[in-house]
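In what comes next, subunit A is part of two complexes: it sits with subunit B in the first one and with subunit C in the second one.
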Partner chain A sequence: MSDGATATARLAPWRRSPVASLGLYGHFIRLAFLKFLAYRLRYYTGVVSYTIFVAGHYYLYLALYAGRAAEGLGATVGGLTVREMITYVAISWIGRSLYFNNISRDLARMVTEGEIAMHLIKPFHLQSVMMAEAVGEAGFRLIMFTIPIMLVVVPVFHVGAPAGAAALLWTLVSFTLSLVIYSQLSFLVGCLAFAMKNIQGVLRAQMVGMDFLTGVIVPFTFFPAWFQSAVNWLPFQCISYVPVMIYLGKRTGPALVDGILLQVAWAVGLTIAARLVWRYATRRVTVQGG
Partner chain B sequence: MEPLIHVRDLCKDYRLTDRREGVRGGLLDLLSPRRRDLRAVDRVSFDIQPGEMVGYIGANGAGKSTTIKMLTGILTPSSGEVTVGGMVPWRQRQQYTRHIGVVFGQRTQLWWDLAVVESFRLLKKIYEVDDATYDRQMKLLDDLLDIGKLLGQPVRKLSLGQRMRCDLAAALLHRPRVLFLDEPTIGLDVVAKENIRGFLRGVQEREGVTVILTTHDLGDIEQLCRRVIIIDQGRVHFDGELSELRRRVGQTVRLSVDLRDPAASADLAAVTVGLPVNWDDETGLRHVARFNRAEVRAADVIRLVVNDRPVQDLHLAEQPIEEVVREIYRQAAANNTDSADDTGTGAAK
Partner chain C sequence: MEEVTPLQDVMRQDDATRFAFRDDRTRAARLAWQARIFGAYFVQFLKMRLAYRVDFIIDTLAVLFSLVIQLAVLSVMFSKVRALDGWTYPQVLFIYGFSLVPLGLFNLISVNLYGFADEYLIGGRFDRVLLRPVGSLAQVIFESFNVSGLSEIALGLAIMASAGLKLGAHFGVTDALALLFLAPGAALVYLGVFLGITTVSFWVEDKMGLAPPVYNLIRFSRYPITIYSLPVRLFLTFALPFAWVAFYPAAWFVGGERFSKVALLTPLVGVLVFGGAALLWRRGVKNYVSTGS
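This part shows the complex of A and B:
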């Protein structure tokens, strides 16, 4: 430009340093946090709806266990006592209030409306940007959403305490990994919008399917053995079932380590898969209007 | 000089699915969709030197936006090559986009929910602009585009003209080497258009940035670009200086005459009889003469008319560029039908 750069017709090679990357994506985390904070009014009602979800399951399981007791059957279902069951449900929903986000929906909208073009002309990776924003959103959710829900749900439904200090700590680590797995899966689903004209059905299926396959709605121990071994091969159980079982003290010692390692493996694997799919999809992208 | 932008035999095909009619057709579509390829960009080639400002024009669907999307790395071509400063846009997307600025008139690159200044701070990080450059650029862009008062407002509250000024500033913050402008004045009023054009002229002169501009508004081209590339149905039909374009089509001049007393066109035609001048009656009082400057001198026409009858006012103008471009399209269409048998290669240049 004015400093004589016009003389050469070459563009200088450039690469963002790891430190600069950290700074940039950190900035995205901060901005997402602030953005959600600006829209916080939307979330006050969420505390009510989550409490209603838990209340529904609470009375359902109380009735179920009472029915079994009346018929003289065992006091546990699928290896869980009624108190553990209530705790399972409550912690599942509390965890979901933290890791949940709308990456697939947002990405699909960007693709179908052509807004994706505005991200492709910038020197960053949209997958990393969306992951950073998901972290910022989770930070907001933790403070404005997850903690208020906990403060309501735990005393009202007599939710059991964690199996110990270590169990609590590992539960937190585990739910953090859930955030990564959930976000990358969601990003992959969003990438389907590159191939499909109408992705609304897929997005709805994802909403319902995820809650079912992660074990939020019904614990896997309720299901036949073949189903349980099938979900073992899928990433969904790593989103909710694994951290909740750690909380309940059902995963300790080697089982706990296995659970966390499995989560790390899925987080890394899905991140790489999402990057490859993104690369393939953007090479074949057709942006609306041309 | 080595060109900054090098485009050779660039093609882009879109796959379209044609729908059949009715229930039966719908079921057939499910079983065997009827697909066909549409060639949106067809063997386009051009070179652009550093510091050039080039108008890239064509009708809707002519292929200009598709070309721009390939040049900016958004789309991957079906075939052909593009290098900009030695980089292939869609392969080295991240490091390439570091060096370019893009404005799509129909979309904003600012973050919708954020105050404008927050978008600029984010762009500073994205493009790794150092503090000194950032301050200098912000001051400069504020002087030129008067965006200082807008910085505190969320983007969604800006008017179209305000947003466009902010978008231009955003595209130039990191001092790009190449600037791509896709319909930068679309939807703006006359004053806003003038401001933006003045700004672009200034930036181009001062910073020597290379600019490719697509537009429907040929006023943009007339005021900004010396060189134009005209594309129609995916093919380049003209690539050269604006003056050459005028010469190619014929240097038509438009003389409008306001008479004191109403007259018919035939009366005026009688006055200039013997000269190749076409007269059109606009209002009875206003008549427009069109003639080729190479054949007729404007002074002769004016003298003949003024000597014949009382004239209130005269106005002499070059043929508007719209008409010039329309003429190029017409010639191109004629060439296309002429050369339909030889696969149209003759019409590509």
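This part shows the complex of A and C:
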């Protein structure tokens, strides 16, 4: 066998050993981490942004609970006291700083600019590459973004401690699953670019809709029952609502197990769905010059 | 001996006649001429946009979607409490509706400010702007539009009307005039703040991304400012004057005696903030060196 043939054998995804695959995608994780490290200055102002988000909701909910006290209504809303509510808001945004990424926007850009063609001829699966990059980005975010945000937000707004050591551990597991769910969902949104030439509007809707549907802005327990049962059938609650409720100790025992299993199911389900959509979409991709 | 005009002076004169923009029209005529030019820019842009009708519809749907979500959040909040720091649901709704009008006006013309450093300064489009005999700032602002701003304005007016009905308020001619006076004033505050941030890129490359945190503050400027602590209120009134983009001007309609006088300062604040930013812009243009690309 010639050298060229061995190289092909090594590179061809169907001949690659699992270990080699792991090495390949591991490389993308490392590269993404380094890439974001180069742009770390941007994240300093990001810390300010997130503090603003938390501060805005902090005052809003303080006014809400104070208003209820003045009107002689109960001290809990949707099962949360004012302290728990502040913690809910802070942990939601801290979590968001970790799992957030721009997969949909990046994928849409690749499709509309034709760059996608170059990725399609390379011996890797773009969905896995983007997931690997999301992991690398999350690693960067954890160190350079999420932890600084925590260091600012937790003392300033007196954020409550986790419900216990186990709750903290499960919250971390849960947010890790959020990363997978968020990324795969975002990948699916990005795939819309294959069908539509311009998805700026869709991307904007995703930006606005995501934080609402994941429960970052208002916990679902504030909503009427019909809304709560509707979101139970959607993947969004698994991105933020479930891990934050675990942190607050509102999901323990069987409910905790249910929550984690639901997250795993959505993570796997969405990954498969994205794979199928990808397969269908790339079969008929048209690149206009690029 | 015969006087010889130094060569340099000859050249200077020559340059002056060649480059001077001969303008003996009155100021009013010049303004009308500029308005016609920018009107033509807008019509041109609309034609371009309408070529992609689907995009336009989707953009409008995205605006509508974000509006529905904001309204859902507000209504859920007020299903739990009757008043936030004394502000009732229709009042807060009215402030929110009002906030969309200046925001729409601002969004309509601000698109180019976001990409200014990349497209104009680094990409070299600013050279072309400077060659034309029309103000550079006006050209940059009017070269592109975001039509979804129009939907925001329309929806904002609709929300104000419905909140006004809920309040049982009677809005008359004075209120309509006040709106014509306050909304553009508030839009000037937006424009001034973001123009100021954009202008910084004449001197330094903005590696930090100053605009996003400022932009993210907007959503909290729609709530009654009285719910915030004193330092935050002072900050939003004097340092980063976002209290003037929604709450203060809207309070003219729903805030009662307490805020009606303050509200009327909005256009003044707008002119000050925008004027300051425009001066900064002029200094920036003087400082501008082309990248040559």
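Miscellaneous remarks
Basically, the second predicted complex is superposed on the first by the 275 of 290 C-alpha atoms of A that agree within 3 Å, B and C clash if a C-alpha of one lies under 4 Å from a C-alpha of the other, contacts with A are read in each partner's own complex, and residues count from 1 in each chain.
By our rule, a residue touches a chain if its C-beta (ideal position, glycine included) is under 8 Å from a C-beta of that chain, and two chains touch if they have at least 3 such contacts.
Keep in mind the model is a prediction, meaning the values are calculated, not measured.
In the superposition on chain A, contact of A:223 is made with subunit C only, not with subunit B. Using the contact criterion defined above for the overlaid structures, shared-chain residue A:68 touches subunit C, although it does not reach subunit B. In the superposition on chain A, contact of A:27 is made with subunit B only, not with subunit C. Once the two complexes are overlaid on the shared chain, A:283 sits against subunit B while remaining clear of subunit C. Of the two partner chains placed by superposition, A:253 touches none, neither subunit B nor subunit C. Once chain A of one complex is fitted onto chain A of the other, the partner contacts of A:35 are limited to subunit B, with no touch recorded for subunit C. By the touch criterion defined above, A:46 lies against subunit C but remains apart from subunit B after alignment on the C-alpha atoms of chain A. Once the two complexes are overlaid on the shared chain, A:115 sits against subunit B while remaining clear of subunit C. Of the two partner chains, subunit B is the only one touched by A:124; subunit C is not. Residues of subunit B that touch subunit A in their complex: 1-4, 14, 40, 49-51, 61, 63, 65-66, 69, 72-76, 84-87, 90, 93-100, 102, 104, 106-109, 111, 113-114, 118, 121-122, 125-128, 175, 177, 206-209. Against subunit A, in their complex, subunit C makes its touches with residues 52, 54-55, 58-59, 61-62, 65-66, 69, 72-73, 76-77, 79-85, 207-210, 212-213, 216-217, 219-220, 223, 227-229, 232. Listing the residues of subunit A that touch subunit C in their complex gives 41-42, 44-46, 48-49, 52-53, 55-56, 59-60, 62-64, 66-68, 71, 73, 77-78, 196, 198-202, 204-205, 208-209, 212, 217-218, 222-224.
Note for the complex: subunit A touches subunit B at residues 1-2, 5-16, 20, 23-24, 27-28, 31, 35, 38, 114-115, 117-118, 120-125, 283-287, 289-290.
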